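Dropping the structures in below, format is C-alpha cells.
The following pair of complexes shares a single chain, chain A, combined with chain B in the former and chain C in the latter.
Take a look at the complex of A and B:
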C-alpha cells in the first residue's frame, strides 16, 4: 500500500513546546507569558470576528429557539414547545429525507466524477490544463441563484434539455422536469452534481499533484495498469481531499436553500422541500422566529451528525 | 495531525452560519421593545405653513414618486424624502426600520410583513383622520376594510383603520385577440375557448404555479362561483370562518380537471409568474390569469392583440361582481412628528388628480368615478373594474387569511395539477393553517 508522502513528513509541530509549558507550573518564566499574551493579540481580530459573527449568533439562535417571538413584540418563554411542535410536523421528516437524497447528488456522484476526471487528467494533459480547470470550476464561481434560474429555464418544457432529447429521438420522455412530481428531486439533485463536480475535481487534482511520481513508477514496475495505479496510488493519495470534499458537499446538500428556493421552491406539492426552506418560511412568511430557530438548531445538529459520520468513514485507518 | 481539524472547524462554521440570520434579527429587535402608547395627537385637516420634511419608505414605483411630486406641488412647504427598497428586501426590513428610532413617517403598508407592527403600537390608528376627512366616502369601502383590523391584527374588516390605499389592483384574464376572437360570456364558454385553442395547437393557458399564478386561478374561479360573504369572513379571520365549502371544493376540482384535459400546462408547477407572463406575451397562448399590474408589459409587447375580462360567471345574465384585488397602501408611523401632514398626504391619494397618477402608474385609481379617458387594454380593464369596485366587490387574495397560507396554497395547487392531492385534502390543509393562526 502506498503511503501518503505528505503525512510521512508532517512534523509534530509545537507539541513539545506546549508540553513543557504545562509542566512549567507556577514558576513559569515571565517572558513566556508575554509571548503567550502577544500570541493571543495576533489571534484577537480573527477571534473577535468569529465570536461576534459565528458563536454569538449561534448561541442567540439557541436562545431564540426557546422563545415565542414574532420579531417585534416582547418575546415569551416557550421552553421546548417549539421543538415539540417541529417534531410533530411530518413536513420536517419529508424535508430531511429529501436532503439526505440530495447527498447522493451533491456529494457521492460529484466525488465519483471528480475522481474520474482526476484519473483522466492526471499526468497526461499538460497543455490546456488551466482551461479545463476553469471550465469545470466555473459553476462554483457563479452565484447559485443565477445557476438556479438558468437551470429552471434549461429544464422547462421548451428548454434546452428537452430540445436535446427531441433532437436525439427521445421526444417521448420530454417533460417539464422540475414540475414532474416524481422526478423533480432528481432533476434538482443533478444541478447540484453539476455545481459540485468541478469543486471536487479541483480539490483532487491539487491533492494528486503532490503525490510522489516515483510511487507511480514503482507501481508500474510492479505491473500495475492504469486502473490499479488509480486505485492504489491516486485514491489513497487524495484521501484527505476526499474527506474535505465530502464534508463541504454534504453540508451543501443538507443546508441547501438558495438553489431550491429559486428552482422549485419546494414544489411540486412539497416534493423538494428541504429543511432550510422550512426555516425560511417559518421566519419570514409566518413570523415565527422561535420555531424557525428551533428548526435551524435541529438542522445544525443533523449537519454535524452527518458530517461526523462522513469523517468517521473516510478516516485514515492506518493511523 | 494538524490538518484534520480543518474540515471539522469548517463544518462547524458553515453549520453555524445557517443560524446566523436569525440571530441577527434579534439584536435589532431587542432595542425596539415596541409597546409604548403614542402621545395624544391633535387631529387636524389643515397643515402648517412652516417647512416640514417627511420621509416615505416604499417598494412600489410607480406610483409612489409621482404621487409625492403631486402632493408637494400642492403644498410647497412640505418636502417628502422617498426611500425606495426593492420589494423582497422591503418586506424583510420594514419591520425593523419601523421599530427603529429613525422610522420613516409614512411607509408603504404590506399586511403580511407589517401586521405585527399594529399590536406593537408602531403604526398610527388612522380612525380620527378618517372621520375628520370622511375617508369612508372617498375610498372604496372594501379597500379600507382589508386595511382595518383589531388590536391584535389577526382579524380584519373590523376595529381601527391602519392604512389607506394609493392605487388598487384587480385580478382577471388577459386574452390573445389573435387566438380568441370573442370574449367568453360564461365559464363554459371559457372552457370551450381553451379547448379550441388546444385543438389549434396553441397553449390554452399560461400559468406560473411555481409562485402565485396557480392559486390565483383557483381564487378567480371561487370568486365567481362561491359566496362572497363566506369568503370574506374566512380571509378576514372572523370567528368560525371556513374555506371548506362546496364552491371552493368545485374550484379545486376544476383545476385538476383542466390539468387532465391539458388546459393547464404540465410544466406549470415549475414556471414562475414572470415566465408565464413572458410565455403569454410571445403570442402563442390564449389566456393568462393575472392582475392589471401586467397590463403595461403586455401592451408594450403585444400592442392591440391583447384584451382583458373578469373571470366569467356560470351564467351569462349575471356578470362578475366579485374579483380579487390588492392595493398599494400607506401607513403612518407612530413615531412621526408630523402625523397631520402625513395624513394630508393620505387624503391626497383619494383626489381626482391622484387618480390620474395612480392609473398612469399601472394601478386602478382609488377614486373609482374619476374620468380616465383610457383606451386599449387599460381601457378594457378600467371598464370592467369600475362596476365591481363601486359595487364593493373587490376581495383580498386568499394568502391574506394567515401568514403561512401561501405555503399551503402554492404546493396545494401543484398537488391538484399533478392529481396528487384531492380537493378535500387541499381545503383541509388551508383550513389547518387558518385554525393555527386564528384559533378558536
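Take a look at the complex of A and C:
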C-alpha cells in the first residue's frame, strides 16, 4: 500500500480503450501488401490457440447438443430433443430462472452500491481514500471458491450473521441461511453483491476521472448541491462504465458456477440450481452429455441476448 | 449537506467493515485448533498456528501449489506474448481481414466457459491431453486470448503513427519496430495484462476441475473445492486452507494494485 502516492485515484492513461473503434478507420495511409500479408504470422499463434481450444470446442458443444451420448458408447442422433427437454424439465428451466434472478444481486445492486462508493470517494482528495478503494476492490481478486467457503461459514447456524442478528435483538429470524428453502438464493446472491460492488466502483471511478471539471463548476453556479451534482453530472458521465459494469456482472451472474458449487451445490431441494452447475453435473456426473451441451448452448444464447439488451438499454444516444 | 464529511466517512467505514469482516472471520477461525466448534466470530484462547500446517498437509497443498505455480508460470508469458503479437498484427500491421479477426476475438468475451468446457474435455481426451499440464495451459491461454488481444490491439492503436513511420523510414523491420519502438513504451500495458492473467490463471476453477482428475495435478482453488467436501464441519481447518489459497493472490494484488486497477477499468471499456 505504501507504493500508492497520496493522489487518491490513479488517473487512467489517456483512455486507450476509446481508440478501439478507430483501429479500422480510414485515417491510416495504405501500406505495401507484403506487410499486411506477413502480419498474419503475428496473428497466427493467438488465432490458432483461440480457434483450437475455445471456438472449436464451443462448436463441438453445439454438435454434441444434438446427440444422445454418455461419453463412452457411440452417440445417437437426437435432433432437438435435448432442447425440448430443457423446457419440459422443471429443474432445468428453474435453474435458468435462478440465474436470471441472480442478475439483481450480481449486477443491479452492485451498480447501485458502486455508484454510492464512487460518490463518497470522488471529489477533493482526503485522507484514506486510497485505503478504501483498495479495500472495496479486494473481494474481486479472490478465488470465488475461497469466498464461497468463507460465506458458507458466516451464513451457517453458528455463523457471524446469526451472531450479529442475536446481538441486535433479532434472534427470532436467525437460521441456517443457505439451507433455507425460500432465502437460500437471496443469501447466495448477496455474496455476489459483496464480490461485485468493488468492481463496479473501480469502473465508475475511472470513468468519473474523465468528466470535465467545468461541468461541476457550472452545476454549482446553478445552485446544485452535492446530491444533484452527482445525479446530473456524475451519473451521466459514467454511463459507458455503467454499461460495461452491467455487461461484466451480468455474465458473471448467468454463468456462475464456482460460488454455487462450494456453498449450496444447488440445494436446498434445487432452490439454488444454476445452469453452470447443471451443465457440470449432467456432463461429468450423470453422463448426459447431450443434455449438458444443450443447456450450455441455451445459456450462451441467453448471455448474448441479455448482454445485448443491457447494451441497448444503457446506450448513449449522443455517441 | 454541511457536516457531510463525517457522514461520508461514517458510510465509508461501514462499507469497509462489511468488506473486511469476512476476512477477520476466517483469520480468527483459522487460529482456532482444528476441529473446534466455533460460535460466530470469537477470539481463540490461544493462537493455533499449527492449524495452517495441518491444513497444508491434509489438503495436499505441496502438490496443489506446485501445479498452480507451474500452470501460471507457463500460461502468463505464453498468452501475453501471443496476445502482444496478435495485437501488433491487427492494430499496426493491419493484416487482411483485421476487422473480422478483431470481431472474432471480441466475440469470445461473451462465451461462457460452460459452452467450451464440455466438448473441450472430450476433444482433449481423444488426444490424451486430459490430466495434462499442457492441455490446461493451452486451454487457459485460449480462454484469456479475447481479452488480451483486444487489450494489446487497443493499446497499440493509440500509439502515435509518426513513431512507427519514423522507425520504418530508418529501415526497421516489423519485428524490430515492435521490440525496439513499441515494447519500451508499452510496459505498463504488458504488466497490467500479465497481472490479470496471473490472477485469472490462479483463480480458474471449473476448467481445472474438469480437466484434472489426478488430485496431484489440481490447482490450489480446485483442490480447495474438493477439500471442502471432505472436511465440511472442520471450520478452522477450512479457514486455514482458504487463507493458504488466498495469500498469494492478495500479495500480488497489494504489490501490483495499480496495474490491477488500470487493467480492469480500461480493458473493460470498449467503444
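Everything below uses one rule, namely that the second predicted complex is superposed on the first by the 282 of 319 C-alpha atoms of A that agree within 3 Å, B and C clash if a C-alpha of one lies under 4 Å from a C-alpha of the other, contacts with A are read in each partner's own complex, and residues count from 1 in each chain.
The rule we apply is simple: a residue touches a chain if its C-beta (ideal position, glycine included) is under 8 Å from a C-beta of that chain, and two chains touch if they have at least 3 such contacts.
Just so we're clear, the structure is a prediction, and the values are computed from it rather than from any experiment.
**Q** Please indicate which partner A:40 is in contact with in the superposed arrangement: first for chain B, second for chain C, both, or neither.
**A** Once the two structures are laid over each other on A, A:40 reaches chain C alone.
**Q** For A:287, using the defined touch cut-off, is the partner it touches chain B, chain C, both, or neither? Pick first, second, both or neither.
**A** It touches chain B, and chain C stays clear.
**Q** First (chain B), second (chain C), both or neither: which does A:71 touch?
**A** Both partners, chain B and chain C.
**Q** A:202 contacts which: chain B (first), chain C (second), both, neither?
**A** In the superposition, A:202 contacts chain C only.
**Q** Would you check which partner chain A:276 touches, where first means chain B only, second means chain C only, and both and neither mean what they say?
**A** both
**Q** Which partner does A:194 reach: the first (chain B), the second (chain C), both, or neither?
**A** second
**Q** Is A:145 touching the first partner chain B, the second partner chain C, both, or neither of them?
**A** Second partner only.
**Q** Mind working out whether A:93 is in touch with chain B, chain C, both or neither, as first, second, both or neither?
**A** Neither partner.
**Q** In this superposition, which partner touches a larger number of chain A residues, chain B or chain C?
**A** Looking at chain B versus chain C, the one contacting more residues of chain A is C.
**Q** Determine, under the contact definition given at the top, whether A:264 touches first (chain B), second (chain C), both, or neither.
**A** After superposition on chain A, A:264 lies in contact with chain B alone.
**Q** Shared contact residues on chain A, chain B side and chain C side combined as an intersection?
**A** Shared contact residues on chain A: 10, 13, 50, 53-61, 64, 71, 152-153, 240, 244, 248, 251, 255, 276, 279, 283-284, 289, 292-293, 296-297, 299-300, 303-304, 307.
**Q** Within their complex, state which residues of chain A touch chain B.
**A** Interface residues on the chain A side: 7, 10, 13, 50, 53-61, 64, 69-74, 152-153, 155-157, 175-181, 184, 240, 243-244, 247-248, 251, 255, 263-270, 276, 279, 281, 283-287, 289, 292-293, 296-297, 299-300, 303-304, 307, 311, 319.
**Q** In the complex formed with chain A, which residues of chain B make contact?
**A** 1-3, 6-8, 10-27, 29, 32-35, 91-92, 95, 99, 112, 116-117, 119-120, 122, 209-211, 265-272, 275, 403-404, 406-407, 410-412, 414-415, 417-418, 420-421
**Q** For the complex, give me every residue of chain A touching chain C.
**A** Against chain C, the touching part of chain A is residues 1, 3-4, 10, 12-24, 28, 31, 35-43, 45-47, 49-50, 52-61, 63-64, 71, 113, 116-117, 120-121, 126, 128, 131-147, 149-154, 158-160, 162-164, 194, 198-199, 202-203, 205-207, 225-227, 240-241, 244-245, 248, 251, 254-255, 257-258, 261-262, 275-276, 279-280, 283-284, 289, 292-293, 295-297, 299-300, 303-304, 307.
**Q** For the complex, give me every residue of chain C touching chain A.
**A** Residue list for chain C touching chain A: 1, 4-5, 8, 11-12, 15-16, 18-23, 25-26, 29, 37-41, 82-83, 85-86, 88-91, 93-96, 98-99, 101-102, 104-105, 108, 110-123, 138-139, 141-143, 145-146, 148-150, 153-155, 157-158, 161, 174, 188-189, 199, 202-203, 205-206, 209-210, 220-222, 224-225, 228, 235, 238-239, 241-242, 245-246, 249-250, 253-255, 257-258, 260-262, 264-271.
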